[in-house]
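Next come the structures, one after another.
In what follows, subunit A forms one complex with subunit B and a second complex with subunit C.
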Partner chain A sequence: MKLYLRMLGNSYQQNIAYKANVLMNLMGQILGLFIQISVWVALYGGSQGVNSNIGFVSIQEMIYYVILSTGISMIIGNQVIEQMDGKIKSGIIAMDLIKPMNFFVNILCETLGNNFFRITFQLTPLILIGFFIFDMTIPSFTNMMLFIISLINSFILNFIISFILGIIGFWYLSVWHFSRLLEDVVRLFGGIWIPLWFFPKSLVVVSSFLPFQYIYYVPINIYLEKLSLNKSFEMLTSQYIWILLLSGLTYVLWRKGINSLVIQGG
Partner chain B sequence: MHYIQLYSRFILIYLKTRLEYRFAFFMDILIQIITFFVMFLGLWIMLNHFQTIRGWTFYEVLFLYNLNILSHGISGMFFMSPMRQLEAMVQNGEFDGILTRPINPLPLLIFKQFQHAYIGHVLLGIGSLILCINKLNLELSGLNIVMLILVLIGATLIQSAIMIMTGCVSFWFVKATSLSNTIIYDLRRFLNYPLSIYNKFIQFLLTFVIPYGFINFYPSLLFLNKEGEVLFTASFQYGTLIVGLLLYMLSITIWSVAVNKYQSTGS
Partner chain C sequence: MSLISVNNLTKQFQRPIRQEGFTGAVKDLFHRQYEYKTAVNDISFQINQGEIVGYLGPNGAGKSTTIKMMVGILVPTAGSVTVNELIPYKNRKIHAKNIGVVFGQRTQLWWDIPVTESLLLMKYMYKIPNDQYRKNIELFSDILDLHEFKNTAVRQLSLGQRMRADLCAALLHDPKILFLDEPTIGLDVVVKEKIREFIKEINKVRQTTVVLTTHDMDDVEKLCSRVIVIDHGQIMYDGNISHLKDKYGSDEIITIEPEHNHDLISLRDKLLSLNVMDTKIKDLKLQITYNKGDINSMQILSKIMSESSIIDFTIQPCEIDEVIRRMYTENSLKGKLKI
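Now for the complex of A and B:
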């Protein structure tokens, strides 16, 4: 346990070394947020609210949605696919495998270190912007608790999905194809960019068969109190079901991948 | 002439090495197309629900969007990889080798590193532009076609100039990637939507400081007859080629200053 905490700390500190990068990334995030808000304000075109799949949505709620989605991406984002790709291509994975620790946990700790770093240096400014410039409000205590639980689940879900794609690197060399594909699919069906509120019915149906809406769309909806208590619990259950299913898949693929792993030289 | 001959040699070798991994080669291109398809689908979802964004319909926004993709794709094929790798080349001293060759360093860098993934941008950009022209019933007179080609040349020059200038930053600062990422990727995201939806500061920034607006917003006003959307002055609609040429000349000047003051790291 101490060992893993140490790894977490290391990856946190590695990030501090690149201060300029941090600043630039933050600027990129804030620019993105600014673009999104401008786009929604322009789409609403002065009206206070519009009808959607879940009823009336005000421009205020839409702006909160964008801020929440940016914030969640800072909390749950990861570079698992790139990390694993690098380890597999360079052969470092062999060293990781003979170390007396679990590879999965190993990657998880590195990710957590990165994420804690982002939470301190990127999320904090975002929260300040959200609350002081856009007057965001905190939901009721129940919803806040449900939000935190669902956020933890979406972190796990996102991590597992990335890990699965990382494993594909055992067989397929250009893994960035998959990471890009995942990014695209999550951007659309996860509801990072456009809430599923505005999707046509057919795409809502497609999305309900996919795990991606549980990563962004569900936590945001819980925060914005758009779901009834029953519906919220239903969504949390779906998150757990997907986590279970995909964990099983991860295990199977990992066994297969490790068995077929060949390290060139050393 | 000599350059063309040389370039065809280089590109042939590049393609031969890449086509060794045929599947990956085509996937590189296909993946770019999928990414943009997802972007289009998203735009469609938005505009299907809201009809217009500040008076721009789906196909108008798509037209705007594709001017950016197409020009970025064309300049990316040639300038993106050299400028991205410049940082590493300066750091490990590889750039010294480039200077000793009997050919101008900028063309040599471009010749050495083609980037096939951008073929996806170009194919998709051309296809979508044709679709938009069709759907919007734009008149395809000889004059319009010539104008479109001139706009594309201007836009490509703007994109290339900005890539060259961000590349030059590596000569002064050791770590430049994050800065060039911000300028090439983050700022260019503003171009996905009409410039008129942003506030005055952004409009000013993207017109006079980093003239990205001339890549797609101003020329779109001309082709789509959007009289109500004039920002600053109506004559900007015709400005793309001029801005492109000026900016490109500026970038070449900066490049030669940078190369002249280049001092090897000595490794």
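Now for the complex of A and C:
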């Protein structure tokens, strides 16, 4: 435990060494946020709200949606695929595998360290912007709790999916384009840019069979109180089912993959 | 039973053959063709506790590949490796606690944090008791001279400093076996010497078994009680060094610097009457290679001094690297003849 806490702390500190990076990243995120908001304002064209497949959505709610999805990406985003890709291609993964530790937990600690760093240095400014410029409000206590729980699940789900794609690198050396693909698929089916509210029926059906909407769309909806209590619990359960299924898949793939892994470089 | 037991070990790599051009790339996508490279080919050896074994061979011989299999990060294609009664790749985490590993080309320390922090992480990772940790750190810091850079981030260390830190990290948990893949690559003479002394000391005091690969024959002469030479994935020799020298070479080289340059040619011609193997003129010096069984150095020197006056001479005894080089070339000649 001490080990993992230390690794987490180190990864947090490592970020400090690359401060400029973080600052640039933050500016990019904030800029992206304002662009998205302007686009939605333009699309709404002065009307107070539009109809969607979950009912009336006001421009205010849409702006909250954008802010929330930006914030969630700071909390649950990860670089696992790029990290594993780099480790496998350079053969540095050997240095992790010669140690008596669990590779999955190792990557998880690094990710948590990074994310705590982002939470302190990127999320804080975003929250300030949300509350002071856009008058965001906090949901009811129950929804806040449900939101936090679903957000933790989102993190786990996103992490596991990334890890699975990383493992694919054991067979196919180059996986970074998977990471692009994943990003785009999550963006679409997860409702990062366009909420599933505005999806045609067929796409809504497709995405209900995929794990991606449980990453962004569900916690945002819980925060915005768009789901009934029952529906919220249903969604949380679905998150757990997906986590369970994908964990199993991770275990199987890891077992198989580690045996066909060829350490590069000599 | 031996500590390390390698039996009929084979590793075959699969390499995709890339076809040229765009159509080639498309074809690759659907029907990828592979070529196979046998990096380690049916090798067997046993290593006992307390040995220091030099695992030698030319570039691409299959040394690193074998080490990776013994360390447990590469699964053999055929044959078996048992280390300390465990199959490395099947018991990776338990195995990891029994061994220490240094790959000279890369570090197992954390890139962005100071050396001491990294070592502390190793302590937690290997669950090293406090007093053992303190004792080892003190001892290793002294022998390896870690004090001056222990608070520096690993990415800011020089190669030699990093290698010393890595060695320290690999031994903190008192492993039974130490695997070193080119631990002295790119280091200066002083650091090399330090590292050799360290390895020797650890081996003597703790009976740590050491398997190391290197291209530096000084390492071999100063450290190894036994060498295993491989080439093209197969074992060429397994035994002690003096026997290797007897078997593959009893040649010596005398280098002479005559007082007058114009004597060089005539001297060389005079030596042809003696039973020497080769004469060469290089940098205004005469190099004579001979077999100790045929003629001794006194006979050659007296012949030369009777003909001309010389300023200086050196006798270069048969060096292990010369022996090994000869083995490699003989082997590759044989290979060529077969084709």
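In this text, the second predicted complex is superposed on the first by the 263 of 266 C-alpha atoms of A that agree within 3 Å, B and C clash if a C-alpha of one lies under 4 Å from a C-alpha of the other, contacts with A are read in each partner's own complex, and residues count from 1 in each chain.
Operating definition for what follows: contacts are C-beta pairs under 8 Å (C-beta built on N, C-alpha and C of every residue); 3 or more make two chains touch, one makes a residue touch a chain.
In this text the structure is predicted, and so the values were computed from the model without any measurement.
Counting residues of subunit A touched by each partner, subunit B versus subunit C, the larger count belongs to B.
Using the contact criterion defined above for the overlaid structures, shared-chain residue A:184 touches subunit B, although it does not reach subunit C. Residue contacts after overlaying the shared chain place A:198 against subunit B, while subunit C stays out of touching range. Look at A:45: by the touch rule set out above, it reaches subunit B but stays clear of subunit C. In the superposition on chain A, contact is made by A:35 with subunit B only, not with subunit C.
Of the two partner chains, neither subunit B nor subunit C is touched by A:133.
Overlap of the subunit B and subunit C interfaces on subunit A comprises no residues. Within the complex formed with subunit A, the subunit B residues making contact are 21, 24, 27-28, 31, 34-35, 38, 41-42, 45-46, 48-50, 52-54, 175, 178-179, 181-182, 185-187, 189-190, 192-193, 197-199, 202. Per the touch definition, subunit A reaches subunit B in the complex via residues 18, 20-21, 24-25, 27-28, 31-32, 34-35, 38-39, 41-45, 50, 52, 173-174, 177, 180-181, 184-185, 187-188, 193-194, 198-200, 203.
Across the interface of their complex, subunit C is touched by residues 2-3, 6-7, 10, 13-14, 17, 91-92, 94-95, 97-102, 259-263, 265-266 of subunit A. On the subunit C side of its complex with subunit A, the touching residues are 13, 63-65, 68, 71-75, 89, 92-94, 96-97, 99, 101, 103, 105-108, 110, 112-113, 117, 120-121, 124-126, 153, 181.
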